[in-house]
């Protein structure tokens, strides 16, 4: 039983990190209908910036974390301005490919830094003794990660539901021309969407970096791993990202816990999310919480 | 005036030709060697220091005139860990007329095996996969294969373990590289090695290994043999620390001791795992810069000379690269000393003769390189290291794996 | 007045059949055949190093795959982030035979044209299977479904012992009328084979595009509701598009296996899928000749960047990371710049050049 | 020129609009709107009415259009080629053609988002929000429904309500009657007149339905292929025989000609 | 000639009835119009017939065929073609290609024949091209033949929409507001085409239209919908006199 509980707890921890990573996708998609494949790279850069500020510059870790959020906020805004602004209104494939190109470019830039080929790890700043709840344990790093995730996700859902600017962002996603007609500045909204996505990516990067250490391969693989989560959640739903993130976290833990090692199966956690994603999509073609296009013939 | 000029030009040209012809027999030769490896893409964290090691040692050989006036030209090409590109690089090297080839990944070594045979070109890979040697005559592993290393580790465990049969799990990379030694270890167990392999885990890109560690711990696993790259090991060690399942000293009861072979260890692991790497056991055939040895001194000097930063200077993959270059230089030196032409066949012969009295003692390894027609694994000697206060320290004396010889 | 069939000026059509010809004028046809002859003859006239022949073979194989991807993504508008898996299916079809009957079996070494077609057909079957979600999914969701198949494919090959767990499965040398094709002739031999395959594929694809089977692809891309009302089953048409893409990819896979004389999972990863998409885009989606330009451009770029990286590596010898960074930087920049400034790809330049010369000798 | 005081709320002076650098849609259009009035802009399909509205409200950019010549001033401020946001902030809001509501937002959210540019405090915004429901009581009932599922008439009301939330001095309506049943068209136009009177909002309406547009407006312009061809007070135009025949389908006799007759006439022409 | 019978059809979206118990009969060879205020369910009715929606209750039959659960391509195979209200053209293609596409069902040659483009495929394609040309001529689209549909004016696009439906050589043609947003002159043209389609080609026409003038002039039979319910039917004269229709639709003028 405690084995099961531990899997559940770990699943939720990993899931909430997925959710936070997925949140960036959702924020961008929700206002600009762009799916950003370079998100993994932004996550990685957020993580590297935190590290550089903390270790090389010597800024205290929490401050470094907040600063990296701000830097990445503007970084992502710049990326949007530079690369995506021109592509407003182009077909999906162009937009997908631009973000793929962006992925390569960011890769290249990161290779220019020491982070490209070397490994680092954050200095410990939280107690290393785990928190025990009965037999179930969770590390401080993970706990802090979950709390930050919860705060950010809560904040953003409130923002989209309740504030006029939040509604305006959704409005832009719906109909750009109409949004412009009532005075919404579409470019600003897109820039803001990327900026906030960059912010969440940096947060996710900081958390993941603390858990796994700073290895570029591992960090930017998160970008791809989060895909099934984003799609499962339905691309434009924050709630969907959270639910799907936790589902995927649990699936991976259970797959690792109960399937691997039996019946000759191995690393099922790598493939199971995709299989489950396919099955769910066939039942619900717009993911669990995705908006159905309202089509009138 | 015009005619004068023409005459002058003719004269200069003629004298050049004569001069060149006169010099021809004594002219310094350049021997070409090719290295294709992953400087970018996956495993580049190992590939980069490796390439520097190779590059620096060949430079060193040229600067120190180890081959007299003859020069070595080692072409290094990036293949980003992709077999297709490796093949292209290899073809290019052949077009350039290389006499010796250095390869990197397991996948490409297996994929190009047939080409090595057809071209009859001696090849030194960075992959110590035992399968490289099957149906192949031209691949020379610099040190003992992963299987040999792993069985050596297992023998160490049986020797040091107190109590009943030690329960062991394997934590491996999900690829040919990772899976290579699994079967061999099982064979060794059949041949009488006293361990019980409880589970073989292929890791994914997991952010969390809780499930796996809990499961292993519930099955009573005491030792985890790692054969992968550093990053997943680091994540696992951190999780183990958090779950409080990591042993604080070798073989601690009810806890798990983590051990790994060549590509799992080194400074990168410590960099990634931090405190959690404490007490990690690691085996390889190389000397480390954290220990005071001749090899370490020479390595650090060389790194300084060619302007490498500390990280590369102290990397065991830098050592690894220096090592293959040493073998290559030595083979050429010996061939030349015998007055033979530096061509593939002669180099091949010379490599195969590197045994017994003729064994080669590189500075950066803990034992000699021995090759023969039947044994194409270089250094058979292993040294066990352990992380103590954030550095790898050797524990115990060097050893070789007995069961590995038995199962071959 | 006699109809001038040589130049576009004065060439008017007197029957609908004339209008549907692939070559509008005799001159076009002449140029085309002259070009083909050149392609066949040049390797006999020049000495080409194995490396460059390998590079060229590689480009040609990519062209076969991209014709498939272009039909699927360019014409039918279905984004596939799993094309490398389709190519892989073709290659692994051959590899499976090699595993079962041995890699030097007469079927593999002598009946290789049959094996190539068989691989194509298996690719088509796999493609159709992967396309099944298209019956329900649309746009991004469908694209991600193909990504899922890519992942599942990689995992399956990696974990099944039958497929040697992703390690190289070797394929024997083939025989030609002159005996076994040995190393010295290997790359030239496959050059001719792939070239022939491309010509056949090109004719098949362009024929298809002027019939209902090709038009229906474009219809579901542009407006699948209208296509439905015109009597095309949008779902099945998409499945059929996937099968078509899978066929060409499968053929390319088998060719790849023969060329490299082995099949390993490293050649069919997600990275390759992305690079195929890049080729299709840079070449020009939805145009058949884009399928030729894309692979040519991207592979040449790769090569040039490698050379450049090497030079950079010599200049900044203390620090190779600039060289390391060059490859992804160049790849990324090319994609981004093309999408921003020439979203219709190189095919559009070709179109412009053609329209300049079309009415030669008369200008507008 | 931009700052000359003309007394008009809006002055459009001889503008030329070009799409994609080649296609010229407007060839020198001039019109002006006096404060507090309802002005109608009539014309056939493709005459350039929508483009004129978009040029005024700064929405040409998304379609790759540009005002190449001439200028527009609103409240004596030059707004030629200014962005939409700027124009809305100045107080001119457009209701785009074809009832472009935000389909995936609720009715309430749709109306609320209209106040995005306002800076005059949440209290005023809230009271305006409530007032919209007074104008369109029907919307209050369906407050929480997704706008995409509302009927055409309801969507048109949402679009107008949304625009009014920006508290505009001038409201521009682009074909509010398009695709609506006659009864609804009347209702919408009644509302427009009400807004004009009660909120003191100046209105510029683009319409094809000349009959109803002339009925409620004070002044009207008629466009054809990118030019203004006729203007005058609505009463005058209503009596203009050309307008009657070409835009209202009324023959000189006063009756309506039957479509069937047209058919046989045209067919005869076709065979000739 | 075949009758289309809609009997007792109800269509609901999440509890909201777009159509409730609608009964109507489309007589072959005539022009039948369906009118009603916006949101009355006219387009929904057309969607039910052409297979885009499936009625929640009731049946639709065309001759011996039950269309209730058919999908659009199946319906179109029976010779029922449709023009859409909001243009659903292939806007990136030329007018010619749009029309060629509509011939999809009428082209019978095998895939292999298409691959080599020899024999049957090439012969049928040429015949087909000729047929399309005939429609282009009929609908007076000659000047636009090679123009990209997206670049044409709204009025012409609407005409292409009708032409495309006609190219399918249907027996029954469903037209959804073919004259929306047109000026009087353009309307006159379209009316002329519709009447020609019915009279010259003998195709049954179902027309949805707002302009009462048009409807009254050319229809043989009119059905009036309001809030998903059928509130009146009959000849133009009967409908014009129906007080319920006047109240719901025309309003008191």
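To keep things simple, chains are lettered A, B, C, D and E as they appear, and every chain counts its residues starting from 1.
Note that in this section contacts are C-beta pairs under 8 Å (C-beta built on N, C-alpha and C of every residue); 3 or more make two chains touch, one makes a residue touch a chain.
All values derive from a computational prediction rather than experimental measurement.
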Most distant chain from chain C, judged by the mean position of its C-alpha atoms: D
Most widely separated chain from chain E, with each centre as the mean of CA atoms: B
Geometric centre distance via CA averages, chain D-chain A, whole Å: 43
Length of the line joining the C-alpha centres of chain A and chain B, rounded to whole Å: 37
Where chain A and chain E are represented by their mean Cα positions, the distance between them in whole Å: 48
Centroid distance [mean C-alpha coordinates] between chain E and chain B, Å: 74
Residue list for chain D, restricted to those that touch at least two other chains: 149
Residues of chain B touching at least two other chains: 40, 44, 48, 174, 202
Residue numbers of chain A (touch at least two other chains): 111, 116-117, 266-267, 270, 297
Chain B residues within the chain C interface of the complex: 39-40, 44, 48, 51-52, 55, 76-78, 80-84, 87-88, 91-92, 94-95, 106-108, 110-111, 113-115, 118-119, 131, 174-176, 179, 202, 306-308
Chain A to chain D touching residues, read off their complex: 88-89, 164-165, 167-168, 170-171, 173-185, 291, 294
Chain E-touching residues of chain D, taken from the complex the two chains share: 44-46, 149, 151-154, 175, 178-184, 186, 208, 246-247, 249, 256, 258-260, 262-263, 266-267
Residues of chain A that touch chain C when the two form their complex: 35, 83, 86-87, 90, 92-94, 96-98, 100-109, 111-113, 116-117, 224, 227-228, 231, 235, 265-267, 270-271, 274-275, 277-278, 281-282, 285-287, 295, 297
In the complex, chain D residues that touch chain A: 57-59, 62, 83-85, 87-89, 93-96, 100-105, 109-110, 112-117, 146, 148-149, 159, 162-163, 165-166
